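Next come two complexes built around chain A: one with chain B, the other with chain C.
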Partner chain A sequence: METFLDAATKIQCRSVLDWKKSGKPIVGYTCSYTPPEIFYAAGILPVRMRGIETEGTDIADAYFGSFICSFPKSLLQLAGKKTYSFLDGAVITPGCDSMRRLDECWRTAGKDHEGIVPGFFYYFDVPHKSEAHGFRWFVDELKMLIHAVEKHFGVRITDEGLKNAIRKFNAGRRMLQEIEAMRSQKEVVVSGTEVFAAVIAGAILPRDEYTRHLERWLAELKRRKKSLSKGKIRLMLTGSASDEIHLFQLLEENTGAILVAENLCFGIRSEGNEIEEKGDPVEALAEHYLAQSTCPRMYGRFGERLSYIKDKVKQARVDGVVMQNIRFCDLHAAENALYERHLEPLGVPCLRLEREYGPMVDAGRMKLRLNAFLERIKKADRIIADENESERVDDLPDRKPLEAAR
Partner chain B sequence: MSIVAGCDVGSLTSKAVIMKNGKIIGSAIIRSKPRPADSADAVMNDAVFSAGVSRSEIQYAVGTGYGQEKIPFVDERVSEITCHGRGAHWMLPSVRTVIDIGGQDCKAMRIDRDGQVLKFTANDKCAAGTGRFLEVMARVLGLGLDELGEMSEVAKSPITLASTCTVWAQADVIKYLNSGTAVADIGAGINTAMAGRVAILVNAVDPEPDVLMTGGVAKNTGVRSTLEKLLGVKIKKARKADPQMAGAIGAALLADERINSNKRG
Partner chain C sequence: MRPEIKEYPYDRLMQGLLTVAKNFTHGTEKEAELAYRYIPSYRGVLKTVLDAGEAGRILFELLDEYYANIIHARERGKKVCGTTFCYCPAILYAMDIVPATFEVLTGFGCLGWKRGMFDYMDYCCEVGMPETSCSSQRGFLGAFLAGLCADIDFLICDSPGVCDTNATAYAFASAYLNKPFYQLNYPSSIGDDRSQKYHIDDYKGMIRFIEAQSGKKLDYDRLAEILREVDYQDRLTADLEDMLMLVPSPLSSVHNLMIYAGRFCASGHKLYTRLLEAIVKDVKQKAEAGLSGLKSGKERLRAFTCYIDHYTADLNFWNYLEEKGIGHIGCILSRNFRDNNRYVQEVPKSAYGIDFSTPDTLLDSMAQLNARMPMVRSIRGPYDMPGMWLEESLAIARLYQADCIIYNGTPGCRNTWGMLKPFARDLERQGFPVHIMNDDAFDDRVESWEAAKDRLDEFFKVRGLL
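Let's look at the complex of A and B:
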């Protein structure tokens, strides 16, 4: 757990610095649609870029507009501060429009701040549709990325290498699935904050090292007896990119709540399924990363995303869903409003929160809303319990879920 | 016999209510001090004095408001959203939608027949649509808060503020003042801007009658009447108590409930 926490809370964490010392290259990527397997197969360490440890965005504000999400701004800020100077490459993806702008803003910033643009700087396009033509396009994009990596770093990425990478990553995916199943149990032995650290670490640590640590941790979890969920409200967290441990601590520490599920871009959402190990490995990667997508950036897939949340709520016995979005994140803000309209009529309490990315400057404001939300859930439980004792049957009409809005 | 207290430490004012057997026997309201703990202490002293009891007689106290974490003497802390819901229900049992406008935030909530919160929304991280907005504007106009509210009745042609951002609106107001616009027209424009801002929040919770306003801004008649027009519903007046006290009353009611359920169980 210590290694996981280190990786989850520090950009220049021990394992990354150790890898750097060995002289092998490191490539950063910005989006869950970039397959790290490709870099693994090339002997390169893929590191998911994060915006933690920022204290302001003064450098980035000079390049981004004021109506842009603070996550890509934080990434550029850190690049400007040379926190990411260990990167030999960066892959930028149009995960959303704000992230797409990181490509041009970073390039432009590189003219003013010397040495902040890594030698390998690649724009990796990802289609917004997963139908046949989008799929073929994505396969082409993957092949172009592979070719560019081979050329720049002077390596060969073979089909065998890719298949091996897929197998190695699948081992971790399977373990994460097991942990996910444990969180759906009545008595949960692992906190959401711990799982958060373990999942983030998976996007940072060298994969073989990660798999070893995960194996050990899973074994430890299986030995755990003490329930962390007894008498607690079970929450699910969804929405914008969330890789700040403070957010998870805010939800779980001294609140009487435990996080038992997420649908976030860092996390089980992209790691929860295995990738096909047979057949053409590039197509297998395309199939996984494009088709099994649950990010609202993808068109025509709202129904699937909604049913993912519904299933999760049922499976993990979720009492309430906290839906957050970073300010100016149109994708998640719109999606959260739609989820709420579908879930509240089913009796699933939802809380929508808008927040700024980074240091929890508005923790007080978020805490107020969270507390009120938890009190709402608690009170509803108490009334239902009372009804079971047939004390307050006359209250039933008002306990009906809220009507579907409009 | 049970004596309980509710203490609501807000960003601008602090409120305390003392209840005996479910009836208010004393209350106090003061301007908040820089340290929430000091505000809580001072307002409680005033409240117990007005109730004619001593602090040691209080059997259970619930704290709420933005300064709740720092109130030293309470037995329990509850969010102001829950407390305002309970307080509003006590003031008017038929209420289903509560609009609470405090010093630094604005909340709209739907409650059920027990005063339990069903759905709520709150403004995000900005002074527009809060009591602070009105306070800043009243100061620029040289009016008291009550007087600002009355401006909507006497205004002939209210101005339209281009922005509800407190800082920009202030610059706008000064511009109007300098160009000789009637104070009443400016004041009415401010109330309208405020009401427009609040209406957006209220509509987000699908308001149902009866609608009640709590918090300090409920006393501003101009905001209330404009809001009625915008929402197309009558906003009820709380006659039972000062609407600004709703949070503290809700906290005291919850304290009373705890004592009674402890007795039962």
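Let's look at the complex of A and C:
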């Protein structure tokens, strides 16, 4: 866990610095649509770019406009401060309106701040639909990315290399699925903060090293007996991209709550399913990263995303859903309202929280709202318990609406 | 939403207003002058548009019919499609579907009502949309979600990949009201074979969707007929573009609004043709006489609004340009990127043509036309990529001899706010003074018109332009 926490809380973590010392290249990427398997197959360390450790956005504000989400601003700020100077490459994806403009803003900032733009700077055009032509477009994009990586770094990425990468990453995915299953048990032995650190680390650490650590940690978890969930409210966290372990700590520490599920860009949802190991590896990557995506940028698939959340709520016996969005993230803000509209009548309490990404300046306000939310759930549970003379309602369709508690 | 607002259907209120506007000139001049006294906050719009002569009257006729078509679609056995300004409605007319373009329906409410569309915008937030989402959709959408408009049968938008806030509004409406929804999606590039093919494949998917919703197959003869009308309209627009390059420009500032508002509502429709013919006739006379289209008759400055214009209360922005003697040389909404325009030569591979040879070429033409609609053409990729916003803006600013460039949008325009500072910096380096308006084009509460005007005054003074 120490290695995971190191990776989850530091941009320049130990393993990344060790890799850099070995002289091998590192490429950063901004979005869950970029398959790290491609870089693994090329002997390059893929690192998901994060905005943690940001103390302000003075550099980024010179390039991004006023109405832009603070997450990409934080990435640019760190680039401007040379925190990402270890990167040999960066892949920018049009994940959303704010994130895709990191491309122009970073390049422009590079004219004012020498040496902050990596030698390999690539715009990876991901479509917003996975129907036949969208899928074909994405497959072509993957092939072009592979070609560009080969050309720039002087490496060769073979089908066999990609298949091997898929197998290696799948091994980690299977372990994460086991851990996810543990979180659905009545007695949960692992905190949400720990799991999130482990998932984040998967997007940072060299994959072989990660797999070894994950194996050891999984074995340790299997030995754990002490329930961390007893008497606690089981929460699910959804919404805008978040890589902030502090957000998890805020929700779990001294609150009487435990996080048992997420639907976050950095979370298990991107790692949950295995990738097909047979057939064309590029198409298998496309199927996983595009077709199975549950990001709201894939318009018109709200129903699938709602089902995913409903299933998670049921599976992990969730008592309440915390839906956060970073200010100016309309994609998640709008969907959060729709989720709430569907979940509340089913008896699933929801809390919508708008916040700024970064150094948790509004932690006090968020804590206050969380506490009120938890009180509401406790009160509702008491009412249900009194009415039903049972401890917990586990089956989602049978849940009683909590109108009475409001 | 306040209960009294819920008492009245928005679409019928607006149509009532437009019917009065359309008939305003039927009386004597004296009667009109008297009537203006009773509409202090709508006078600016009515007077400015009607002062444009025949074209102004046709614009009101067109808008009146537009609203009537939406309101009476059901009783006429037609389906209504909720859509966006950057989607060409010609295909809907070809398939006998009534378009309801949210931004246009919001825009005219903003212009015509002193209180603007605030109540409806806020209703969207009441039901869950963030207040940071785009006001241009939230106005009409609020009225629609509140049940204050005729029903819409399905939704189409073409902004995913270009503008999240736009696309989110339609996706939200679809999920909230359980309406069928199709998203046309554009890649980040344009003009290359790959993206051209993507446009066509996606467009064909959309045709299948509309056919499923309407229960009718696309009639290619009808499509050809509509495209012939579009073709003629494009020629008229190209004539106007040529005349807009003259110094002084013979177009009035409000002509620009008429050209694009008409296109968003009625591309391929005979009424739009009449509107353009009337504008061309008026502008040609001024061009032949070497006159400016401005009321003052003197063009002191030429401004290019590189994104959108300002649509709040009483056409204040447009009247300001007139008063100051500033020639409006169009905005991103003005240009259609048809291959017969001079400016497309400056932006290689940017244009579309219309090929009438076969049903397939008709459909391909329609798909490529739609991919060149405002915003979805030039904001889709990084601004400094070939054919994108910078190249387009510089080409137009140079060709039309702009003295300055003004950016205006809404806080919801994150697609532009994300790159605006580097973009403006590049324009300045090319010698164009740039002013960034920090208001909301549809919501005066973000920055009042008075404050926006003060900043414009300051810009023109400090940069030595006026």
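Everything below uses one rule, namely that the second predicted complex is superposed on the first by the 388 of 406 C-alpha atoms of A that agree within 3 Å, B and C clash if a C-alpha of one lies under 4 Å from a C-alpha of the other, contacts with A are read in each partner's own complex, and residues count from 1 in each chain.
Here, a contact is a pair of C-beta atoms (placed from the backbone, for glycine too) under 8 Å apart; a residue touches a chain by one contact, two chains touch by 3 or more.
Because the structure is a prediction, the values reported are computed rather than measured.
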>> Under the stated touch criterion, which partner chain does A:A380 make contact with: chain B (first), chain C (second), both, or neither?
In response: first
> Touch check for A:Y63: first (chain B), second (chain C), both, or neither?
Replying inline: second
> Between chain B (first) and chain C (second), which does A:A257 come into contact with in this model arrangement: first, second, both, or neither?
Replying inline: neither
>> Under the stated touch criterion, which partner chain does A:I52 make contact with: chain B (first), chain C (second), both, or neither?
In response: neither
> Where does A:A241 make contact in the superposed view: on chain B (first), on chain C (second), on both, or on neither?
Replying inline: neither
> If you count the residues of chain A that each partner touches, which comes out higher, chain B or chain C?
Replying inline: C
>> With both complexes overlaid on chain A, does A:R365 touch chain B (first), chain C (second), both or neither?
In response: first
>> Between chain B and chain C, whom does A:V313 touch in the aligned arrangement: first, second, both, or neither?
In response: neither
>> Does any part of chain A touch chain B in one structure and chain C in the other, and if so which residues?
In response: 354
>> Using the touch definition from the top, list the residues of chain B that touch chain A in their complex.
In response: 66, 78-82, 105, 110, 112-114, 116-122, 124-125, 206
> Which residues, counting only chain A, touch chain B once they are in their complex?
Replying inline: 344, 352, 354, 356, 362, 364-365, 368-369, 371-372, 375-376, 379-380, 383, 395, 398-399, 402-403, 405
> What part of chain A is in contact with chain C in the complex they form?
Replying inline: 62-69, 72, 94, 96-98, 100-101, 103-105, 108, 123, 125, 127-129, 131-134, 137, 140, 296-297, 299-300, 302-303, 325, 327-328, 330-331, 333-334, 336-338, 340-341, 354
>> Looking at the complex, which residues from chain C come into contact with chain A?
In response: 127-130, 132-133, 157, 160-161, 163-165, 167-168, 170-172, 174-176, 181-183, 185, 187-189, 194, 197-198, 201-202, 205, 382-384, 411-423, 425, 438
